[in-house]
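The structures come next, written out as structure tokens.
Shared between the two complexes below is chain A, which has chain B as its partner in the first and chain C in the second.
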Partner chain A sequence: MADRPVPVVEKRLMDVKLGELGTWLGGRDFTPNGLISALRKGHDRYYNKYINVKKGGFGGIAMLLAGYVALSYLWEYDHIKHDRWRKYH
Partner chain B sequence: MNPKQLILASNIQTHLCLQRHLLVTFFKTGALLCSRDVSRGFLVYPPSLRLFAEGHAEAETRLPSGATTRHFHPSNMLSRLVLVSASSLKGSGALGAGLIQASRSLHTSSQSLAPVPPLPEKGGKVRHGIIPEELFQLLYPKTGVTGPYMLGVGLLTYILSKEIYVINHETFAAASIGAVFIYGVKKFGPSVAAFADKLNEDKVAKAQEVKDLAMTSLAQAIEDEKKEQWRAEGRSVLFDAKRNNVAMLLETNYRERLHMVTNEVKRRLDYQIALQNLHRQMEQEHMVSWVEKSVISSITPQQEKESIAKCITDLKALAKATQAKATA
Partner chain C sequence: MALSFFDQFMSPNFLGIPLIAMAIALPWTLYPTPSTRWLSNRLLTLQNWSINRFTQQLLLPLNQEGHKWAALLASLMIFLLSLNMLGLLPYTFTPTTQLSLNLGLAVPLWLATVIIGMRNRPTHALGHLLPEGTPSLLIPILIIIETISLLIRPIALGVRLTANLTAGHLLIQLIATASFVLLPLMPTVAVLTTALLFLLTLLEVAVAMIQAYVFVLLLSLYLQENV
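This part shows the complex of A and B:
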């Protein structure tokens, strides 16, 4: 199917097979430059898909808000733990 | 928070370094993306809304610097969300403006900038406002249409029963806020969208106006140029006309002079004729008067008396004759 063998590290995450996951993770660029470029690319992809369009819907920022809510719940979990109704689940 | 702050600081540091050493580190196509967005590097930190909006405000002041991919877009951003969100968060753009100045001179893209590809019409589909459509598409082959909903219900049950999500006072607050939020969005969403679209349309209309004006003025300039060229072609006719004028002037001048010459010659000749006539006339008169004088002087008084007597007798005879005729 592939026209030429692509090295594992360069594949997108969805195309990496489970067995190759270790190699893939090991070969990724974890230098600060690499991290920042990865974050920036991710931001660009999200931005250009959901926000930088002519008729953007509400989902673009709603997803970010939901993510923010989820993340802040996660950071506060140690504090919220004390409000649990039962001790043993 | 300290490690996070350290990472923040180090990333800021690396960003400033990056700006200065851009050409060295960012030569690949991936680097082109990075160099493009060095002005928005501050965005990649905690996804808080304010920083995100800072990016929007910055982005509004971006220069057009497109490339063949969708990632580069003109500065007058036409997305609805940006218009609505950035209009209320303009203040945070001050920092970004300075970075933009630095980044403008560092764009090393060799791809052509125009024409910039148009923005896509609609964004990625999102179901129920927060779940991207891709999840549903991913699960459809294996679980059909209800798969993701089942997944959602199962997850919800799990986190509630294990109290990974704890129900407390905040739950009630979140529910109320969520209800009001959703009600607001459902009620005012379309009108806000229409408003933003109208703003967009105004921008586009203005740009189109400018473009049309430029086109008409250039077309007019082309017409004028063609007219001038046509006029230039007629210059041979113009010169012919001028040549004719000059020839006519010469001709009239020549004829005037000819007339003048003939008149002068005729005057001189007339003068000579008059002179001769006068001469002859004077001679004649003189001769006649001399003859008369000599004749009169030759008439003696004896002859005079005789002639007078003869005249009287003649007159008498004549009178008699006429009298006789009158009575007869």
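This part shows the complex of A and C:
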């Protein structure tokens, strides 16, 4: 499968080899516009794969909510860890 | 220690960003923009149908002028409903438990209805301060009472929402702690307490929806009087 060689920066993350990771990260667009367009593309990919389908089920939103719960736990970990270590509540 | 039960209402920071920022931004991601297709996906169809039904019901008692508030009232309802319901998930933060947010929503909207009434139909708006058929002796006292009742409306709106949600969350945490601590000591009592917790959670879901609705309904009532 010897196609034309693709520049490292334009490959998708899963196609980047481990040694090329540094180059890949360095070439990405970290300007505010770049970040916003990356978020928008990610959102569109998720939306078109799980929600904007003919027979979408509850799973599309459920994954979002589960991710939200996980993210909230991560946010509150510093606060919650004291509850585990405490003897009397 | 009793003080730790209120810790759930403090928004923790992570990398400098408070959790309340993410909690407020989240409802925006759950409601996709309506598309121009004739047949959209299930989420959009459901969303369109429910918002249309709700807005139609809400705007029934309002006159033509009041219909300008349709977008504001509908989006307020969706916002409050999502914030309340999302707060019932584990480890999440409910922004509507903060009095600052609720007063920030209630006071400007109430003030807008009052100013609209005073500007466009001042006599009619002031006429609400005296109900029909009061005996002449009672008029001065009643006007004072009605003015106080008018001025207390925004505080009532904000505090009602805050108190209901805060009390609910606090109760859930208290009963959950009790049932967790009782488990090694008296398992039967712990099972009963868990059943109580289950019923309480159902109540909280209902309260979350009802309180959002009450907020918007009262606002539409205040609008109806003044517009």
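We adopt the following convention: the second predicted complex is superposed on the first by the 83 of 89 C-alpha atoms of A that agree within 3 Å, B and C clash if a C-alpha of one lies under 4 Å from a C-alpha of the other, contacts with A are read in each partner's own complex, and residues count from 1 in each chain.
Keep in mind that, in the parts below, a residue touches a chain if its C-beta (ideal position, glycine included) is under 8 Å from a C-beta of that chain, and two chains touch if they have at least 3 such contacts.
All values reported here derive from a predicted model rather than from experimental measurement.
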item: Touching partner for A:Leu21 - first (chain B), second (chain C), both, neither; value: neither
item: Touch count on chain A, higher of chain B and chain C; value: B
item: First (chain B), second (chain C), both or neither touched by A:Ser37; value: first
item: First (chain B), second (chain C), both or neither touched by A:Ala62; value: first
item: Which of chain B and chain C A:Lys54 touches, first, second, both or neither; value: both
item: First, second, both or neither for A:Leu74, with chain B first and chain C second; value: second
item: Which of chain B and chain C A:Arg84 touches, first, second, both or neither; value: first
item: Touched partner set for A:Val6, first chain B, second chain C, both or neither; value: neither
item: Overlap of the chain B and chain C footprints on chain A, listed as residue numbers; value: 43, 51-56, 60-61, 64-65, 68-69, 71, 73, 80, 83, 86, 89
item: Chain B contact footprint on chain A (complex, rising order); value: 32-33, 36-37, 39-41, 43-44, 48-69, 71, 73, 80-81, 83-86, 89
item: Chain C partner contacts - residues on chain A that touch it in the complex; value: 43, 47, 51-56, 60-61, 64-65, 68-69, 71-76, 78-80, 83, 86, 88-89
item: Chain A-facing residues of chain C, complex; value: 1, 4, 7, 10, 12, 14, 19, 22-23, 26, 29-30, 32, 40-43, 86, 89-93, 177, 181
item: Interface residues, chain B side, partner chain A - complex; value: 10-11, 14-15, 18, 25, 30-31, 33-34, 37, 40-41, 43-44, 47-49, 52, 70-71, 73, 77-82, 85, 119-126, 129-130, 132, 161-163, 165-168, 170, 174, 185, 189, 193, 197, 200
